[in-house]
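Structure in structure tokens, see below.
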Amino acid sequence: ETPANALVMAWNIDSISTFDPAQVGEVVTNELLQNTCEELVARVPSDEAEVRPAFAESWDVAEDGKTITFHLKSGAVFPSGNPVTAQDTMWSLKRVISLGYGNAAQLTDYGFTEENMDERITAPDDTTLVLKFGDVYPTSLLMQAIAANRVAGTLDSKLIMEHEQDGDLGNAYLKDKTACYGPYSLAQWNQGQSVVLEANETYAGEKPKLGRVFIRHVAETGTQRLMVENGDVDIARDLTPDDLRELEAKDGVYVTSALKPQLIFWTFNAADEIFDDPKVRRAMKYLIDYDALGDTVMQYLGTPWQSFAQSGALGALPKEEATPFSLDLDKAKALLTEAGYPDGFEATIYVGSLPWSAPLGQHVQQNAAKIGVTFNIEQMANAQFFAKVRGRDFQTGIKAWQTGVPDAHGNASRLVFNPDNSDEAKATQFPSWRASFYDETMNELVTAAAVETDVEKRKEMYAELQKDWMDNGEMAVMFQTYFVAAARDTLKDWTWNGFQVYYGMASK
Amino acid sequence: MQDPLLSVRDLNITFRSEGRVTQAVRGVSFDLGAEKLGIVGESGSGKSQTGRALMRLSPPSAEITAERMQFGGIDLLRASERQMMRIRGNDIAMILQDPKYSLNPLMKVGKQIAEAYRMHHRVGRSEARSRAMAMLESVHIRDPERVYELLPHEVSGGMGQRIMIAMMLIAEPKLIIADEPTSALDVTVRRQVLSVLQELVDRAGASLIFISHDLNLVADFCDRVLVMYRGRVLENLPAAALGQARHPYTRGLLDSLPRLDHPCDELAVPVRDPAWLDAPAA
Amino acid sequence: MTDISSPPRSGSLGTWLRDPNPTSPLQARLHQSWRMWRKLRRNGSALLGLAILLVIALAALFAPLLATHDIFAQDLGNRLALPSGEHWFGTDELGRDIYSRLLYGARITLYIAGLTAVISAPIGLLVGAVSGYFGGWVDTVMMRVTEIFLAFPSLVLALAFVSALGPGINNAIIAISLTAWPPIARLARAETLIIRRSDYISAVRLQGASALRIIARHVVPMCLPSVIARVTLNMASIILSAAGLGFLGLGAQPPSPEWGAMLSSARQFILSNGFVAAAPGMAILLTSIAFNLVGDGLRDVLDPRHD
Amino acid sequence: MTTPNLEVSQLSIAFGQGSSRVEVVKQANFGIGKGESYGLIGESGCGKSTILRAVAGLNPDYEGALLIDGFELPRRRSKEFFRKVQMVFQDPYASLHPRKMVQNVLIEPLQIMGLDRRQERIDTILSDVGLDQSFRFRFPHELSGGQRQRIAIARALIVEPELVLLDEPTSALDVSVQAEILNLLNRLRRERGLTYLMVSHDIAVVAHMCDRVAIMKDGRILEKLTPEQLRNGAVSEAYTSDFLAASAPAVVRAG
Amino acid sequence: MTKSLSATGRGRTIVLPRLVGGLKTLGSVLVTLLGLAALTFMIGRMLPIDPVLAVLGDNATQDAYDAMAAKMGLDQPLLVQFADYLWNILHFDFGNSLLSGRPVADEIARVFPATMELATLAMIIGTGIGVPLGVVAAVYRNSPIDHVARIVSLLGYSAPNFWLGLMGLVVFYSVLGIVGGPGRIDMIYEFDLQPVTGFFLIDSALAGKWDVFGNVLSHLILPALILALSALAYVSRMTRTFMIDQLEQEYVIAARAKGIGRWRIVWTHVFRNVAVQVITVVTLSYAFLLEGAVLTETVFAWPGFGRYMTNSLLSGDMNSVVGCTLVIGVIFVVLNLFCDILYRVIDPRTR
């Protein structure tokens, strides 16, 4: 049995490598940071597209739409005892830009640069933070992309700067520590072993109901299942569909899920002679039995989805329109014939080591074989796979991508927009660039939609963009995935949505 | 002659392995009183197997039959393993050919001797130790205190053989079977070992079966000789009469030895006659 | 028509074989093999192992005839089905017939296990024999190298192979072989240390034989029985480590029905659908046991000490 | 006397290092003429085998000189040396490779020496050592001790050496087989004009076989004698007479 | 005067060679380890796995990537990196883990005791059962006991560990509830235990917290048993082989001729003669267990060495991997040395 005042979780937390909000790029630490660092605003648990006040009690947008002023909580105190001020928040935001890790894009995408940040990010007093933008962006987008993002957490600048090494702005210090204003703070992290969070006494927001969060690293899904069945953990995070199905039927355990902004797709490298032709790429999209996979291999894990704008995002198409393709070998064959491959071709699919990688690969492989296309599957470690894809060194690959914004722009700016298709540009953070996909018209549309403040007009633009992209884009999106977990009945109020997990609301 | 100590009638030993049947010993019979009996014969004639059968130490693949194999009041053929354990070492002892292989290489030789005594006598360690020491002295080992502590690889061949003898005779058995106890030794050492053996036999009044292929040695040392050929006893005669042996096989063996006193160009090689096997037992 | 090469009638062939006084090297060799065979035949467990291996080999050979389904054909609607008349061992996570896949998998699995043994045993044997025979600094150096390989993480090596030579089964085999030889070398060295002191080695040295010749022709054959036994002991771990490399792109890639790969992809269904893992697991287990039994038997037969 | 076939001068051999160093052969000197048979006798462990092994090159760490036909031998023996000098070991059970057919045992020296007419030579040598052709395809475990020793002798003689080193060639065999082997060795020496250096601890055997005998004790050569001197007991060392006394036969033959 | 001279002379002849021998051994050991480090490092740096991506994630920009690579020192030429690395190693600095940023030595010190505790218990069980099993099988060679022992040990050796592990968990943890389940210790106790040695059994015993000790043991026992099974299989097989060889020796007959009972002969005479070989086998399998039974550790959520190394490797964290490799190297070298010395101590013939 688990302790009454603690949340005990079994989770594969191998991927944790740092707790620096400027650097964190993966799901696990992101979730932990959400619960240790309070952002300016928080997403509403029941509707991720909406935000509510968090560290910022309120905000107003200037007439010209280019300046947002946040009014912050007053009298807040860091776990270290230092007072929390708007200067800390400002410092934290600038720090992300200065460090220039992947997360800097959350800010640089909206015009912040190291040169202009001192002028554009300011804290006129202890409780006021002002952000100035060069363009007019939809406020909802900015709230989602910046204010609710981990980059907008408030770090304990004084404490951190005491531990600065070689001008790293505390990056080394934050490797295994949190120094944030938020509901919990990190008490202990042993790589590949466990993470312990403890509630902060000084946190002025809603007090967490469970004083301690204990995460045990369990890589084996079967083991996770046994632990939750036995009541040794309250919730298990990495279960397989088949285990989930059986657990759901059992007493004492329930299955909970939330659709998350992650897409699983089959990407094609347009630099490859074969996949340069949109017809070929389109043909591939008819090789996937989306529904059958969704009911079997991907049950609980994902739901069929084919557009870049994930379900739930502003601008996303309704389900029927976002899933125009279905398994149709004849159509695929016809398209290939049109493209000049009546007898098929031979190519390679790279897959990583996630549980669904190989089954999905084999599925398309088998269907492709039926129309004369031979795919060879090569499986490899994820880090190796990433390197290949980022190096444009692949023909096709099955991969996932997650955005941090419940807005079509989040993915449009990455999966569709390609700033510069040349090799030298090394726009490696753009899946579109990785796949050598460049479309002038789509690029323009993405840029235009981002600054369109008329919501309806914006939605229309995205609808147009999605249709075009689904037909001609560089990837066949297959699924949008779920967070899914099995929890004990004793664990109540487990609250999450696709973007945020609210440990503090859980109770027993 | 009064009741013999050991009486063997029609001893047969057969090996069955891989479908091949080897008759190692065929119908061997003899009686043994308080005397030294030599068993001679060429290699493979069944000497060792006969000796081992008496102690029931034949390999598991051996099949032993006999009309009689009586030792004192005990029927060796039917004795239980437990009974045999008590007999071995205590009533019948066996000295093996090569001390190099017959002593446990990792155990102090003294301990090996003391162990043999303790197996049959309920005594403490120190008692057994002093017994072993006395035994070492009685086999003419000069510095028993030191030798007691040695390991088998640290003693010479002759010394090793004397240690073997001490080990096997410490429980004062009534019957000693010595299987080629000296053939690994060179001539000078051989004499010493034999005299030690002789001394001990005399003192305890034990009977001795002495197995060897050296006719000279047996003639010199034993009272009576069995000559074996392919598992069969061809001749059973007093050792002193070996020079007058009738059987061509025995004569052949004698002639095949090079001799210092009779130089010759060519040694005689014994001729063997399969008919000997069918002749009535000696 | 006469065929001069046809063997004599079975009766006379039998006597010719059994003749303890062979008149030609061939007859002598065959006579020797015949006697070994007789020895082996009396060894019940070795025979059982041989029978199992034979069954597996035949299954591999006649897989196309014995298989009931296309091993690649997926049927998502009927995935993870329990064993039935239609699918004797059930179906896997993509609805493929496990029984048919096992049959075809035997080919790849035997290939991997066999080839690994065939590569690693000679390397180990050679290193061990050379090191033991020469002794001195040669021994020191070679044993240190062996130690390095022993301590070397096999995954590092495997990954190095992917990067250097690319993925594939054959590279996996090489990678596994490279980590499998050190224990064999140590064993061979220990045996050689004893063998090199024997008179028959001195005797060939007195024939003027070169060290190479002595090692290859005289030392190696004597080490062989225990090396064989040691190699067969490794079969299960070879198959399993080949599977362990699968997710690095080494070894059998999906949709290959290699047993180890089948087993490792069935891992996530062990609790919910245990039989998916059971079939390849049992196949590996049986093969390994069979190899071991045969290996033990062969050692007894080949080892002249047990004559 | 002509140049001796083999000359051993001031040969000393030690084993071990530092404090565990023991000298097992101490300044041995002797020479063997062509066609002569020379015996080395002494108790177990006195260094007889060590001398033979040194001559054969199996033991390259020695001091002193070994000369064949007047030329000093290099430490690493050449192939030519092994054509001239061969050795027969004490234990026929250990000196044949358990997995090699007789045919292969005999053909190997021919291959190494690059000799021709191989099958013919094997035929000849087999009949010379008194074995018929059916033995060609047998394995050692199918042979008796005496037969094995014959094969070992055949192996040594097949390259037609001049000098044969015999290390107790019969001590592992029983007396009847010993007689056969000794006769065989004598016959071969006569027929081929071989030179023997023979080691034994059996005085009678050495006296029977050798033209000259050296008695060894603790690594030293005590004295050198002829067989006649041995028979007559005309020895100068007490140790030798002890040795002789111990070897006296007990069986007095009738007639 | 002369006396003291001769005494020193004697001393020198005995001590000097030993000293020289010892130094030689030490030297070759160091060379081995350096070779090992060099090989691992060079191969590791050529691996296709990119540590920068492992740290930065898939989404990083190229600028961030380059900055990180520079920070990790990966932008230097390979040889320079290697020289740096060697230089550090010679100062006993194994660098920081690329992934966690903590000193590799600290990380290993954390995970290694977990594995060592597991492996040690497994080895004690495996040896405790495997050796007698092998001995009995050898004594009753080719009897049903022998066959059963062989098949059982073969099953243990050939069954995939992760399967055994999960099945063990299902039966003993889920259904019967008699063992502690995954992890080293129940969460409730995790904070009660101040790590001193890193061996939870010892730590809890030292602290006198016997309830914690019991809990640790209940977690340890199942994975240990599973690992023990495969060790047992190997140990018993090898023991059987060695025993059969020895049982055929002449001194066994001699001992029987003395009237010693069969089992007394087996244990006091024969077994001592195979002890060295058995110990060699045991230490070697211990070394392999210490190298980490990755799958068993995964199934039992055991925060051990094997998993740590595998994970480091798959993330391209070569500093950690080389550190781990060196640890394994030292283990092998030390255990080998230990066997050699033991051999000399137990078997006087080799002296």
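Just a few scattered comments:
Each chain carries a letter (A, B, C, D and E) given by its place in the written order, and its residues are counted from 1.
Just so we're on the same page, a contact is a pair of C-beta atoms (placed from the backbone, for glycine too) under 8 Å apart; a residue touches a chain by one contact, two chains touch by 3 or more.
Note that the structure is predicted; figures quoted are calculated from it, not measured.
Shared contact partners of chain A and chain C, listed by label, are E.
Counting steps between touching chains, the shortest path from chain B to chain E takes 1.
Chain centre most remote from that of chain D: A (centre = mean of CA atoms). Most remote chain with respect to chain B, judged by CA-atom centres, is A. Note on chain placement: the centre of chain A and the centre of chain B lie 90 Å apart, centres being C-alpha means.
Distance between chain B and chain C, defined via averaged C-alpha coordinates, is recorded as 49 Å.
Distance from the chain C centre to the chain D centre is 46 Å, each centre being the mean of its Cα atoms.
Each of the following residues of chain E touches two or more other chains: 48-49, 162, 166, 170. Residue positions of chain C touching 2 or more other chains: 159, 162, 267, 270-271.
Chain C makes touch with chain D in their complex at residues 20-25, 27-28, 31-32, 198-200, 202-209, 213, 217-218, 221-222, 304-305, 307. On the chain E side of its complex with chain A, the touching residues are 48-51, 53-65, 67-68, 97, 99-102, 107, 110-111, 162, 166, 169-170, 173-174, 177, 181-183, 186-188, 190, 298-301, 303, 307-308, 311, 314-316.
Interface of chain A with chain E (complex): residues 2-3, 6, 8, 10, 14, 17-18, 23-26, 100-102, 104-105, 172, 175-176, 190-194, 214, 216-220, 222-223, 226-227, 229-230, 232, 380-384, 386-390, 426-429. Of all residues in chain D, those touching chain B in their complex are 43-45, 144-145, 173-180, 182-183, 186, 201-205, 207-209, 227, 230-231, 242-244, 246-254.
On the chain E side of its complex with chain B, the touching residues are 249-251, 253-261, 269, 272-273, 346-349.
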